[in-house]
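Handing you this structure, nothing more for now.
Chains: A, B, C and D, in written order; residue numbering restarts at 1 for each.
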Amino acid sequence: MNSLDIILALYAVLGAAITVATCLSKSHKTQNTLSMILPVCYLALTLYILMATQLPAYGLGSDYFLIDHLSIYEILIAATLFLLAAVYSRQYVKDSIFIHEMDESNLRLYYAAFNMLLMAVVYVFLADNLALFWILAELTTAFSAILIVILNAPKNIGAALKYIFITSTCMLFAFIGLILIFTLTEDLIGVGTLNWSMLMSVAGGLSPGIMFAAFIFTFVGFAAKSGIVPFHAWLPTAYSKAPGPISAILSGTVTTIGVYGILRMYTIVAQTAAIGKIQILLIAFGVISMIIAALTMLREPNLKKLIGYSSIEHMGFVLVGLGIGTSVAMFWVVFYFLAHAFTKSSLFLSAGIIKHQYGSVRLEYIKNVFQLQSFAGWSLILGAFSIIGMPVSAIFLAKLGILAQSTLVSPVLTVVLLTVFLFAAAAFGVFMIKMLSRKEDSTADVPYFHVGWGMKIPIAILLAIVFVLGLFFPEQLTTLLNTIVSELGVT
Amino acid sequence: MILPTEQLTQILMVMVLATAAIIIMKRDIRSLIKTYAFQSLLVAVMALVFYIETGAVTLLLLAVVFIISKVWIIPHFMGKVQQKLNIKRDIKFHFLSPITALIVSLFILLFVYLAFTPLIAELNRFNSTLFTLGATVGVSIVFMGMIVIFTRKQTLTNVVGYLTMENGVVLFSLFLTELPMLIEILIIIDLIMLTLIATVLAFGIDSTIEEFHARLNPFSREQQTKKPEETTQ
Amino acid sequence: MIETLFSLSLIVLLIAATISLLGTKTSYSKIARRISLVLATTASIFMLAFAAEILLTDGNYSVLAYQITPTFQFSFMVDRLAAFFLSIISIVSVAVSIYSIPYVEHEEHEDRKNLIVGLMCFFILSMLLVIASFSMFSFLFFWEIMALSSFLLVMTDFEKKETQKAGIFYFVMTHLSTLFLFFAFLFIYLQTGTFDIAAIRADPLVTSIAFGFLFLGFGIKAGIIPFHKWLPYAHPASPSNISALMSGVMIKVAIYGLVRFLFLLPLQTWWGILILAMGTLSAVLGVIYAIKEHDIKRLLAYHSIENIGIILIGVGLYVIFTVEGFQSIGMLALLGGLFHTLNHAIFKSLLFMTSGSIVNATGTRNIEEMGGLIKRMPKTAMLFLIGAVSISALPPFNGFISELMIFQTFFQSSVLSNSFLELLLLLALAVFALTSALAAACFVKAFGVTFLALPRSHEAKAAKESPKLMIIGSAILAGLCVVLGIFSSQIFGLLGFSIAVPNMLFIGVILAGFYGLIFLAMREIANRNERVTETWGCGYPMQNSKMEYTASGFSEPIVTILKGIFRTQKTSERSFHDDKKSVFKEGKAEIHLLKFFEERLYLPVANAVKKIAEKVNSMQRGDVDLHVAYGFVMIVILLLIIWWFA
Amino acid sequence: MNIALLLAYGIINTLFVLLVSPLFISLIKKVKAYAQGRRGPSLLQTYRNLAKLLKKETVYSQNSSWIMRATPIINLAALLVASLFVPLIYLPEPTDLVGNIILFLYLLALAKFFMALAGLDAGSSFGGMGSSREMAISALIEPIIMLVFASLAFAYKTVSIPDMFRGALANNVFDPVAVLVAVSLFIVIVVESSRVPVDNPETHLELTMIHEAMILEQSGKNLAMMELSSAMKQLLLMGVLLNILVPWGLTTDFSPVSLAVALAVFLLKAVILAVVIGLFESCAAKSRFFRLPGLFAIALFLAVVTLIIEVFA
């Protein structure tokens, strides 16, 4: 066993140990601290891999896991978000119990599922074998569903069921695609394989017709996982019903799993003749998702749903970026994962404060935000500015980068994209203006909800990262992103 | 030896299709679950037939796992749930009436056949129409399972639909290839888990929240009354 | 040396913004915002010195300041054009910063005072950097920051309904403007492969498309009709110092962008015609709407639309004459337009600042409730009058010179060989003349009703003169109105332009000379006895403010004559005592002014979008089944696609 | 350029305008009186009025401000400067100091602006009404004035009034364009000097008052200055019309004899024009205020026709 194998095993061992420990421990504080320790460990391990080892490399034998820069990058994002969500959870969960939103008996389940989800997410990104990827992605669905349903509301059950049924049914179609690929390689090289690294090396010889079909089937599944229209309906419902920190990690990492899968598939089909059609398909789906999401946002009275729809819009934009397919576009798409994840999580965390303050995130219940929750007010403003792609936000750069590349496809596409961004921006702007400016004098009946530092700091950190990256691009990040793009074989 | 296998396979395929059609049509949940168990059995038998033909141990194992999990455990569990929920029939149909749904299924069958014939033809290993047919039936059953999901109201029925889709996928993979064992096992565990979660949640959707928690966790009520000491400002 | 001034000024502004924001909610908040405003003033003076140096020496300063990635660079270049706009911003910023020291204290909420100051510093900074930008990326970047900071400033009094409306309008319109700019820039990027502003290729179709989008983008930001609607909402809603900056400077940044790109793109005649037509339309409709308006800040906002129109007329004439081969005439028009940009920045900021003082003193923006302020606020009145005279383009003040330059360009249109163009120009000339005269009428109303005669409300009666610094801030600009007018020909000479403008120094001196002469002569030859008594009111014993001519009364003749534009909708409901409708019981009648653009353009579009959005939204509200069905249909479609392609 | 000569021109022209302009007010009155079968006041009556007003005490409203006091002086000063721009007898050498046509118009506008403000200053409803109507009319007439002067600028390729006169003088033939311009200019004079059918300078009836209402609160020396400046304005506009249409008589030779001849010729031309104006006023009826746009439309039409002829010729 080399060091990588040990680390890969450590991920699992640590994850399992901490999950068991959370289940055994009685106090909420211990459980929460344990949940903070796990992402920290993961961060440390992942950084160690990034610094100390030669990538890409196989882990635990050559059949199942591949560690390349993209997986490391995604794991780093995921672990950071989980860490911040865990910090945020400390007060949030306590308050949820206090207001009977959550049962104290479910605490263990909450933290166990939280840690298991992190583990599943980490392995999803490490999976080299697409079938394994598929399995782990389904697992994340299962854990997410548990986390969504943890709150005492019938609507949450509905949301979780929606989540499970839509994504799982679509994921079954993805499996059909995987079987097709497996058969195809069996036909071509004698041994069936679903290993991405292997597929990449033989992709040139794969039949474009079958690869096109296979891609479409896998696309259906992964698109559903990312909430691409028309497989998207679970996303706003689930995210709006989930507890604040869970919405944040779902939108930041779990949503990305789908487009991550599409990205991996894309790099395979990019070497076949089917790529032209697939690019059109991706752009079409991306644009449709963006349009539908943006239009829906315009009339959405629910803050968390609004943010959820915005996730759909952004995932659509990522698809468009993939569809453009140049190396520059890919660079910005990969960067977009980070920028979007952090911004979106900050928005959900801020919305969590609003939710606990007013007991609802619907527009009509929210008033006097600046008097009661001025921190949340400002973080929502900054988050909204960031998500609609205003400078100094990192999204501005990524958006501009991809938009600039979109002109290469067609200026019409650029116009459409810009119009959609206008709608999305208008939706956010109008919503924020309406929400934050509502003032009523009768504040006495609204009890003040005290927000501790534990809830503020994660939001501040996320926003700080997003805004610093919008102005300052570290050399290491550029190198990392360039390495990722070259490893993906995109030219 | 080849001829009887082929015929047997064809007969099994038709029967699987028939069970899928029954699942689309049936209202009574108990018989739905039974039909599903029968369908799984058919798929398992098919795996056995292939095992006899090719001698791949994976297929034998698959058949065993199938019989244990899908013919026995899941239907049994679902039957329990159905008894507890005390819902006997799923009367409402959405979007498509059973007859229309069957007609749509026929069209789907046709489309899948049209789409897959050229694809399968590209693969060198499959020169018989049996594979094409098998692949078509597998994918069609996936679609038919989906029809069940969106035409039915009850979550339990939806779960049956989802399980049907799974059977379709397995059928499809049986005809085309054999996946590594580990993957197969993992997939089945995975799906079972999702099914369990969905079924458990089915409780919630049909009962009030207190009942739900009471049913799931008999101790939750006592703990709920305990309040945290912290006071918020 | 001179380079350091540029960066120094930017750094000081950044420090100023930080100090003010850090001071929020601390016990040093007042000191913090004062220091910050003083620093802003200093920074603006530095920038002014820098810009003046470039302007006078015709120098060129360029720097690649920073790059985020190799594609996304912040590179700056200040040539004469940029320096000119930089100096506009710095001049107004100096005055506004001084004015703001006492002005922000009027804000009700303590913590918002520092916020206003901090954001104001960012706002000024972003405008300066937009002007200095030499890559399209940095232009867009700071353009967005400018939009963002100004939006937040507009939202200062976010609790008010009208502010919310203004905010939504402004937010959407400003994004629309950015959208067009994005597209134009990306289109240029597609053609050239770089974000470098200078690298625009000369393909007539390509440049035309680029120009079209640039014009739309800049036009919306500048507030040309029909994209003007955000101005009359945003300016009244925001604090007056911010209105002064927005109306005085921010909309000029759009003009800068337009002119900058016109310099780079190979010009075409139809661009000139488009700019001229839109400019003329904006000018005349802007002033016509202003005449009807009695909210003083909204009135000024409409005048901004008018003046942007005048500036665009100058720019349009420049394009037309240059393309037709008359560079020197074109240059006269362009200089007229640019000079008007400077002038408008100065007198409009002055007017907004003084109106801010009035609004603070009386607590209302409605001029019908003012009156008699000339006795209560004599200094403010004097400053407002200078602004009013300047904006009415009366000699010897600055507004006159720039309008004169544009008039003179018009008067030379007989050189054009294209008679269609000539007639077009004549039409524009007639409209322009009407605009100019209506502006004077409007400011007679604005000044007369606000400052003269008897106070029309208790608040107006109790009004007090503004604090000293507010007067000083405005006085700087008022002084510039006079200086730029009187010394105009000398200034042009100093900058090396030989422009045939009348020597206003001479005219000013003889005007003053005659004034003195008449004054002295009258003392000598006329009866010096004076008597102060009541105004004759046709025999009414007690004259009161109710008998004065109101603002609506004043504008009534023009409104009646132009009733085709001010269309009203009358609705009446009547009920009768009997069935035959002969004995009248009671009735209700309403006259409501049809806001043409709002009701025929904005609202229909907004409603259509809303309707579609509502429909799309309602499509997503179903349960699981519906969405699985959507997925099912989509997968079947995809299956068909596979079949199709296989 | 001969500074002394220019100075002399300035003094002579200004003094001439200042001294002679009241004469034409009386003259037009007299013509109107004759047309109505009356004898009318003496030609010197306006001078007498001015002298009388200067001797009277000045009454200010208690509501009024310094605007009221400054306006008459500003008015008169602006008109005095404007009178430098229109050479009536001696045509000086080309100079860029005075003569700009736009500046001339805007000097008149400056006077009007303050006059209108003064109308509002006292708070009387008459003053406000006068200001309001005056500004409305002057706004509507402005495009016509500009088009008229644009056509002059087109014809003579200059924006300087003296240069236009020089151009007209150089045209030995009777210019048909000048006739059309003259008609428009005539309407401009009628409007600008508040005459029937636009205004009726004789009545103090609120239905018809425009100009008179605006200066209703003026008294004593201030009223004198206002009356004088409006007389000067009338003469200056008449001068523009005359020296464009029939420029002959203008001298470029600065000698007493030629100056005297030019003066005589100008007086003759001006008297004829004044008679025409008087007769025109006698024939016309005062229009309703909101009918005036119709009159202006005629003038606009003529101005545009002139321009089209010029453009396409």
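Heads up, the rule we're going with is that contacts are C-beta pairs under 8 Å (C-beta built on N, C-alpha and C of every residue); 3 or more make two chains touch, one makes a residue touch a chain.
As the structure is a prediction and not an experimental result, all values here were calculated from the model.
**Student:** Could you tell me which chain's Cα centre is nearest to the average position of every protein Cα atom shown?
**Tutor:** Of the chains present, the most centrally placed is C.
**Student:** Looking at B-C and A-C, which pair shares more C-beta contacts?
**Tutor:** Counting C-beta pairs in contact for B-C and A-C gives the edge to A-C.
**Student:** What whole-Å value do you get for the distance between chain A and chain D if each is reduced to the mean of its CA atoms?
**Tutor:** For chain A versus chain D, the centre distance works out to 79 Å.
**Student:** Using mean CA coordinates as chain centres, what's the gap between chain B and chain C in Å?
**Tutor:** Here chain B and chain C have centroids separated by 67 Å.
**Student:** Centroid from C-alpha atoms only, then distance chain B to chain D, rounded to Å. What do you get?
**Tutor:** Comparing mean C-alpha positions, chain D is 99 Å from chain B.
**Student:** With centres defined as the mean C-alpha position, give me the chain A-chain C separation in Å.
**Tutor:** Centre-to-centre distance between chain A and chain C: 43 Å.
**Student:** Where does chain A touch two or more other chains at once, residue-wise?
**Tutor:** Correct list: 158, 161, 165, 169, 173, 209, 213.
**Student:** At least two partner chains per residue is the criterion; list those residues in chain D.
**Tutor:** If we look for residues of chain D contacting two or more partner chains, we find none.
**Student:** Residues of chain B touching 2+ other chains?
**Tutor:** Residues 115, 118-119, 146, 149, 158.
**Student:** When you draw the chains as points and link the ones that touch, which shape shows up: line, ring, star, complete, or other?
**Tutor:** other
**Student:** Which chains touch, pair by pair?
**Tutor:** Here the touching chain pairs work out to A-B, A-C, B-C, C-D.
**Student:** Which positions of chain A touch chain B when the two form their complex?
**Tutor:** Touching chain B: residues 63, 94-95, 97-98, 100, 103-105, 129, 131-132, 134-135, 138-139, 141-142, 145-146, 149, 152-154, 157-158, 160-161, 164-165, 168-169, 172-173, 175-176, 179-180, 182-184, 186-187, 192, 194, 207, 209-210, 213, 447-450 of chain A.
**Student:** Can you list the chain B residues touching chain C in their complex?
**Tutor:** Chain B reaches chain C through residues 94-95, 108, 111-112, 114-115, 118-119, 143, 146-147, 149-153, 158.
**Student:** Residues of chain C touching chain A in their complex?
**Tutor:** Interface residues on chain C, with respect to chain A: 68-69, 71-72, 137, 140-142, 144-145, 147-148, 155, 158-159, 163-164, 167-168, 171-172, 175-176, 179, 182-183, 186-187, 189-190, 609-610, 612-614, 616-617, 620, 622-624, 626-628, 630-631, 633-635, 638, 641-642, 645-646.
**Student:** Considering only the defined contacts, which chain A positions touch chain C in the complex?
**Tutor:** Listed in rising order, the residues of chain A that touch chain C are 158, 161-162, 165-166, 169-170, 173, 209, 212-213, 216, 220, 224, 230-234, 236, 277, 281, 292, 295-300, 328, 385, 390-392, 396-397, 400-401, 403-404, 406-408, 411, 414-415, 418-419, 421-423, 425-426, 429-430, 433-434, 436-437, 439, 471-473, 478.
**Student:** Can you check the complex and tell me which residues of chain D touch chain C?
**Tutor:** Those in contact with chain C are residues 54-67, 73-74, 76-78, 80-81, 84, 96-98, 100, 102-103, 106-107, 109-110, 112-113, 116-117, 119-125, 127-129, 131-133, 135-136, 138-147, 149-150, 153-154, 157, 159, 216-217, 220-221, 224-225, 289-290, 293, 300, 304, 307-308, 310-312.
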